[in-house]
Amino acid sequence: MKIGIADTTFSRIDLGKIAIDELRKYGVKYERYTVPGIKDLPIAVKKLIEERNCDTVISLGWVGKTEKDLISYLALSIGIIIVEILTNKHVIDVTIHEDEGRDERELSRIAEDRVRKHVRNAIDLIKNPKRLEREAGMGKRQGYEDVGPILR
Amino acid sequence: MKIGIADTTFSRIDLGKIAIDELRKYGVKYERYTVPGIKDLPIAVKKLIEERNCDTVISLGWVGKTEKDLISYLALSIGIIIVEILTNKHVIDVTIHEDEGRDERELSRIAEDRVRKHVRNAIDLIKNPKRLEREAGMGKRQGYEDVGPILR
Amino acid sequence: MKIGIADTTFSRIDLGKIAIDELRKYGVKYERYTVPGIKDLPIAVKKLIEERNCDTVISLGWVGKTEKDLISYLALSIGIIIVEILTNKHVIDVTIHEDEGRDERELSRIAEDRVRKHVRNAIDLIKNPKRLEREAGMGKRQGYEDVGPILR
Amino acid sequence: MKIGIADTTFSRIDLGKIAIDELRKYGVKYERYTVPGIKDLPIAVKKLIEERNCDTVISLGWVGKTEKDLISYLALSIGIIIVEILTNKHVIDVTIHEDEGRDERELSRIAEDRVRKHVRNAIDLIKNPKRLEREAGMGKRQGYEDVGPILR
Amino acid sequence: MKIGIADTTFSRIDLGKIAIDELRKYGVKYERYTVPGIKDLPIAVKKLIEERNCDTVISLGWVGKTEKDLISYLALSIGIIIVEILTNKHVIDVTIHEDEGRDERELSRIAEDRVRKHVRNAIDLIKNPKRLEREAGMGKRQGYEDVGPILR
């Protein structure tokens, strides 16, 4: 198994490095592809799948605070989904939004937690889908603590 | 007939379990595929159709409350429709929006009602399309009581 | 010529019945396909064209009042256009928005007028395109009275 | 060279007639295709290219004032771009927004100016691309006077 | 290596000229293609790749201030991403938004900085991807000074 890591120079945190650190814990091979910004991620993801033979890709996007950034986030999201549909591969579309944290310290904590958890998700989608099935409906969160299921 | 169930670990209610419980009443076979969040659903749906031979899929998404979540909901919706168009299969795109209920109890009731009714819709789209035709324009609702037709 | 009618059980008015009543005046054959809601319409339209040999389709959508409904309306609109592009067939994408009328009586009047006029549009797109060309720029409206051209 | 003209009966100004009048000045052949509204334009444009052998198409859309109209405008815009991408032909996507002018007189002036200038753009994209290159960055406007370049 | 430059006559700054000036410093060959506005850019980009054999393209868009302009920006962004996905080539989608600067002087400075930096990004994506990888997560900005990484 080989996992692609697509990340950006726009990001204020080296999200790719966190992902790679996490991947190493599991002994998974990886390919990294860094692009300028989030609108460049869909084609980078496609190239990681088609030209570098990745089985799945973790796309790491950093989204600014403006309305224009949210529009770019929509284009990114649609683009990633089209790449998945055309390649029949999963892509974990991780995004950190600059306005998520009250300060840089909190934003950093959110980013690290989200990336590490989604690395595990990407691996399990390929190797251990039963773990995800066991956690269906459990209110899992990435970047925050799990909110847990609603008691019924 | 085999129906796919695509659901998420993000959801705070085990929507897949409700769908499976309902499917069993009708003796319908199913395949389940759990992914992290709503943006992962379109490719999961495509895989259920193409790799696991499902005749139709019920996609079960749980949507957060923020503007970013609504944008992801749009990307999900467009993605599901593209998968339907490319595979020529129906996908029932069920979503629960976290802000629909006044409290967790109401949200839970909405979710259960919506999933069960849409399981019946998915089955009837394949096996009994005449039932849907008879109910055309009848103001059917999933998650709420039917509002009924406008009297003319 | 055969025209497809795609409609929903979500609708509070039997739009398909109105369309069929209008089609009968012209002696046009039709196929009807009823689905639960608007996000199910694009694939229904595609199936009417590809599996039931319709020359054109009238898609009859009923759109709720919320922001989420408007997002679904966008996904529907893009989906219908993609189906047209892939099949090279016209689809008349008729939608009734629940907040268009001040009351149910007005909404009902709008819906009936819009559906009947668009049935004529669908027929003329195939059989009598010159009628549409003669009315180019004439401020034609469906659901309301024509506003007419701007006098220049 | 043959240019397609796609326009609507929804429009309150006969934009197609203006386009044809302008095309005649240049002795260019044309095909006209009138549809009900803006969501019908992408497939009309594709048919003008594929079934009537147009080298390029001028799409003439009239957009209402409501939020729903803006959503339809987005679907139209994406649809036209997809048609261009699939056919490898330019389409000049001209739209008049009903709220652009303070009154009908101004709206009429905007529409006429925009259509005539874009007819020239469509011709030059095929026959005289150097003219467009010379005007790159010159702040050209259609519907209004050119704003001109920023002095640096 | 040959790089495409797609720009517009709508722009108030000759962004293509800045890009070409920067490309010359690196001795890179280029092809220029000027179109009227941003919605014409995706097809121009595709033609630069497919008909003029460009290895990558820098798309230079100038976006107005209105809500309609933001919608066109979304259509542009999705269109560029679809072109990248279909051609398997990178396209650097550079946009200048008219409301970014407090005055024309600042807007001009933003535009020049953004275009020059993105020319280097386009070249390095092909020739020197390791430079981008070294700058991953460094908070690089185009149009503004780099904000730099968050200290962790």
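In this document, chain identifiers A, B, C, D and E correspond to the written order of the chains, with residue numbering beginning at 1 in each.
As a convention for this text, contacts are C-beta pairs under 8 Å (C-beta built on N, C-alpha and C of every residue); 3 or more make two chains touch, one makes a residue touch a chain.
Quantities reported herein were computed from a predicted structural model and do not represent experimental measurements.
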What are the mutual neighbours of subunit A and subunit E in this structure? none
Just the number, please: Cα centre separation of subunit D and subunit E in whole Å. 25
Could you tell me the distance, in whole angstrom, between the mean C-alpha positions of subunit B and subunit D? 40
Expected list for subunit D, residues touching two or more other chains, is 74, 78, 82
Classify the chain contact graph as line, ring, star, complete or other. ring
Head round the ring from subunit C, going the subunit D way, and note every chain as it comes up. C, D, E, A, B
Can you name the residues of subunit B that touch subunit A in the complex? 7-17, 32-36, 39-40, 42-44, 46-47, 50-51, 67-68, 71-72, 74-76, 78-79, 82-83, 86, 104, 107-108
Would you mind writing out the residues of subunit B in touch with subunit C in their complex? 70, 73-74, 77-78, 80-82, 84-85, 88-93, 97, 118, 121, 125, 129, 132-133, 135-142, 147-152
